[in-house]
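So, here come the structures, one by one.
Across the two complexes that follow, chain A remains constant while its partner is chain B and subsequently chain C.
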Partner chain A sequence: MAAPCRKVNYQFVKRSLRCFEPRVIPCRWSNTLRNQIVEKHRHSPLSSTRELVKQQDDPSDVLVPREFRFVHPDFLPYPIWNRRDRVREKLEREDMLKRRAVLDIPEFYVGSIMAVSIADKNAPGKQNRFVGICIDRAGHGLNHYFVLRNAIDGQGVEIKYDMYNPLLQKIEVLKMEKRLDPQLYYLRDAPLEYSTFRLDMEPVPISKGAHVPLNAIKVKLNPRPWSRRWERSNLKGVEPLDDYITEKMKKQKQHPQIQKTWEMHDLMLKARSSIDDREVDQIMNEVYKRKEKIQKEKLQKRGQEGKREGKKAQEVRR
Partner chain B sequence: MGDNPSLLHASSKASTVTSLKAAGPPSKFTKRRDMQKESRAEKKISIFISKGSNTRKKSFDSELLLRTDNVVRTSELFAVSKMNKIAQAGVCLCKGVNTCVFSVPTQLFSTSPSLNQIIKLSRMKVVDNSMLGRRAELASKPARVIHIYNKKGIGYLGDKVLVAIMGEKKRAYIVGLRQTQKENVPRFDSNNIVLVEDNGTPTGTRIRVPIPSCLRNKEGDFTKILSIATKFV
Partner chain C sequence: MNMFRFPVRNTPRKLKKSFGVGSGPAERIKKLQMLVTALIRNERLEAKESYCLETRGYAEQLIQIAIRNGDRHAETMEKADYWLLEKDLVHKLFKVLVPRYQNYTTAFTDYHFLPKKVPGSGVQMGILELKGNPWPPVVPRQRNQKYLLTNVLISTAKEEYRMEKKISPDLKNGTHDKLNQLDNT
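== the complex of A and B ==
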């Protein structure tokens, strides 16, 4: 009745059991450079760019304002420390700054009302303009994106734009303000009045150097069902959702496994969940200097163009 | 003992495994509404693995351990195990048997990710000013997709669909989706369709809502729909 007996291959079994081993930090892909190797070559006594490296590593020559990193979140390093590729970040930063030299990307926050014009071959003027409120802003490096929302003819519309997409021709901030939440996806479950903005809206001027105004509006959500369980997210820009928080949820929240009070003393967890401030300072220093350069060049160009126009006008007069 | 060593060994393993419960949080692929079911039900799968044989993937009750012809390829097991977060595995290293038995407790429910797609029986909102669409809206009986005219069975922006509305079958085009779209393509708050006759002319005379601009380069019946559109986004 039994099948003809054969020896079991123990090697095969050992290999097959590997999937049940405890998870180890995954090794790097072959097309990325480990940071230790890059740093070793940067600081080696034989390298020709030692002076440059010293300059880059010591950011004390220029005072970068603290808000700079919040104005330019796209330049922030990749937050996952063991999957971070510094060479890729550096290359992306170069591309981003080159793009910024051509296109003026203004300062904006989630909650600001913006107008974006993209190149559209199907549109009559080859340009397509959309006005909306910024409900989300995320992504690192060249993948940085923002989402605009508006309600047109009673229909809610959202469009996601990649900030460094060459199809973007113009980004204007019509009204610069902040909101109480980092993302405003709850506007999908709120009455359309909160998401309606006129397409021919005039820009609201804001003086340079002024604080970014905070819109502390408390949105009233529609009756349930919602697209997400908003009572579970700690939304500040929404009217209190105490009606939807049950006794069971309150009890569960108090459970020590959920509160995790020990995590605020966990230094390694903090270290691993964020990139070191010193590295962020270095990056922001570099970006700040390059940005200043770009702005100078732009002013020079404008000056030259003005001179040229003046000359042309003189010729015409003659 | 010598007749069916695999059987006996497996059954002894089975008894130890029934006492174990699947640990850990639910698999990331399970749907939210199935979370309640998971906490209640758990079923033991016993999968036979044979080295180098041509196999079909199947799951069995403990009684079916007797069968040695239904086997699973090793790679498939690992895929299944990763999907279902296996808590414990037992190995049978029976001497003189050409199959290995992996006895694992798992949660036997459909583990496809939540997809948010237009498939058959999806409810759609008619967005033109046709009488049929208005009637359906007032009677709160939304149009339901019963067929999608592409080889995929999933409706995307600009696809033609067959829709059941107020007891009638009608063709329609998808002009707006609630699904997250690629960048520069608008995402709407409702799944919108425009009703169309069999010859391709739209049933209504005007479309009340904005239409995605990417549909402007579509040819054929779409040009008639674009002619009745008011706004493009």
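== the complex of A and C ==
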């Protein structure tokens, strides 16, 4: 007896076959692998970031000067660890060193007076030169920038320069100095005399091994209104602000939510928002080595060129 | 090189209501101080998951800076004084825990999940402990006991007994029908 012929349920077949159809699965980071995953599947001890790598690249074998990390804060990576990409950081460092081999980027700090010339096709001579005091310096890797401030025609002018901008032609330090604060944005609310510098200022020489002088000047701010609540940020380079603020503001300043005393000893806050000391040592060690190597190569090249020129001169004489 | 030796969240847990309704970040730190102190004192802690994992970070950081800087470092001493509410634990930190964890390449603490109580509040509880503590282990160490001498002897005895039983039943009864049949054929 033949089996009774059943009606084929096409919808059922379709539904069951749907799993074999090619589908486009939208994935946010489809072209990248998360750092944690890569780290997890690394089997070779050489490619993983464990002790073996440390032993190879021991920071004790090269003596890096202690000030090196303060002179080159731009080499430090972004501190939030799960947004970091170590390969990109390394490539960026390499790029930065290559740029430094071409452009002389001197040592400077917040509070130093600098002159920067930048290519500008609309300016006469196709070059623009600006002199000012460095009021801020920030950014990680190739994104490092600094801000110069000067008063021009009775008007405060600030320019932010990306340090690794290829349009930069020259960076000079006219007066090497440090100030008491890490940022000098309060100069915006101070009289213009504090941020006025002559555009034809001559560089003040400083001997090579000397300490960087600290300018302990106390700026007297204008009366309120200010661009920020300066009374709340404990500024060191400013004269006491008690005359300018009301009793209520003084009381508010003492409020625990503004003082935030609990953040002082917060170990995890510090660990999350800064880079480990050992890693800084490692990076600085690597940068120091590469920098020395590049300088050697540069000197060798110069020597070869000098020899060639010498030979040419001899030939001409003959 | 990741400086954390254990999974860390990017943002801290707020630990709401750590000291009742209306407690904020100050109370959070206060609670964590107590938990860190308790952990260093007892070497084992049972609490909510979020409390355990927050405490873990602070305890690990404290031990790490103690290992790196030693007891002659002013800032480290200040931190130890702040985080350990019972002051005899400062001695324990530098004299017991630092030598214990000096050569560790992994985390200094362990975290274990506890089962949720049903019916209950449904809160995930956990156990946080310092590694190398004197307590019996949370997860019992499963050993393969098959090849212990007594077990080997017992198993062989059992086997012998079984073999005997296989051959003997017919002999004991004295009926050799099957054997006789085989012989005849």
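What we mean here is this: the second predicted complex is superposed on the first by the 213 of 318 C-alpha atoms of A that agree within 3 Å, B and C clash if a C-alpha of one lies under 4 Å from a C-alpha of the other, contacts with A are read in each partner's own complex, and residues count from 1 in each chain.
In this section, a contact is a pair of C-beta atoms (placed from the backbone, for glycine too) under 8 Å apart; a residue touches a chain by one contact, two chains touch by 3 or more.
Fair warning: this is a prediction, and the values are worked out from it, not measured in the lab.
K.L.:
When the two structures are overlaid on chain A, which partner does A:L269 contact: first (chain B), second (chain C), both, or neither?
P.N.:
In the superposition, A:L269 contacts chain C only.
K.L.:
Can A:Q155 be said to touch chain B (first), chain C (second), both, or neither?
P.N.:
In the superposition, A:Q155 contacts chain B only.
K.L.:
Between chain B and chain C, whom does A:G139 touch in the aligned arrangement: first, second, both, or neither?
P.N.:
neither
K.L.:
On the A-aligned overlay, A:D120 touches which partner chain: chain B = first, chain C = second, or both, or neither?
P.N.:
A:D120 sits against chain B, while chain C stays out of touch.
K.L.:
By the touch definition at the top of the document, which applies to A:N128: first (chain B), second (chain C), both, or neither?
P.N.:
first
K.L.:
Kindly classify A:N82 by the partners it touches after superposition: chain B alone (first), chain C alone (second), both, or neither?
P.N.:
Only chain C; A:N82 stays clear of chain B.
K.L.:
Which chain A residues come up in both lists, the one for chain B and the one for chain C?
P.N.:
On chain A, the chain B and chain C contacts do not overlap at all.
K.L.:
Using the touch definition up top, name the residues of chain B that touch chain A in the complex.
P.N.:
2-6, 49, 51, 68, 74, 78, 81-82, 86, 89, 91, 93-100, 176, 180-190, 192, 208-210, 213-214, 216-217, 230-233
K.L.:
Could you please specify the touching residues of chain A with respect to chain C in the complex?
P.N.:
39, 49-51, 53-54, 80-82, 256-257, 260-262, 265-269, 271-272, 275-279, 282
K.L.:
Which part of chain A faces chain B closely enough to touch in the complex?
P.N.:
1-10, 12-13, 16-17, 19-20, 118, 120-123, 128, 130, 145, 152-162, 165, 167, 188
K.L.:
Help me check something: in the complex, which residues belonging to chain C touch chain A?
P.N.:
Contacts found on chain C: 1-4, 8, 10, 12, 24-26, 28-29, 57-58, 61-62, 65, 68, 78-79, 82-83, 105.
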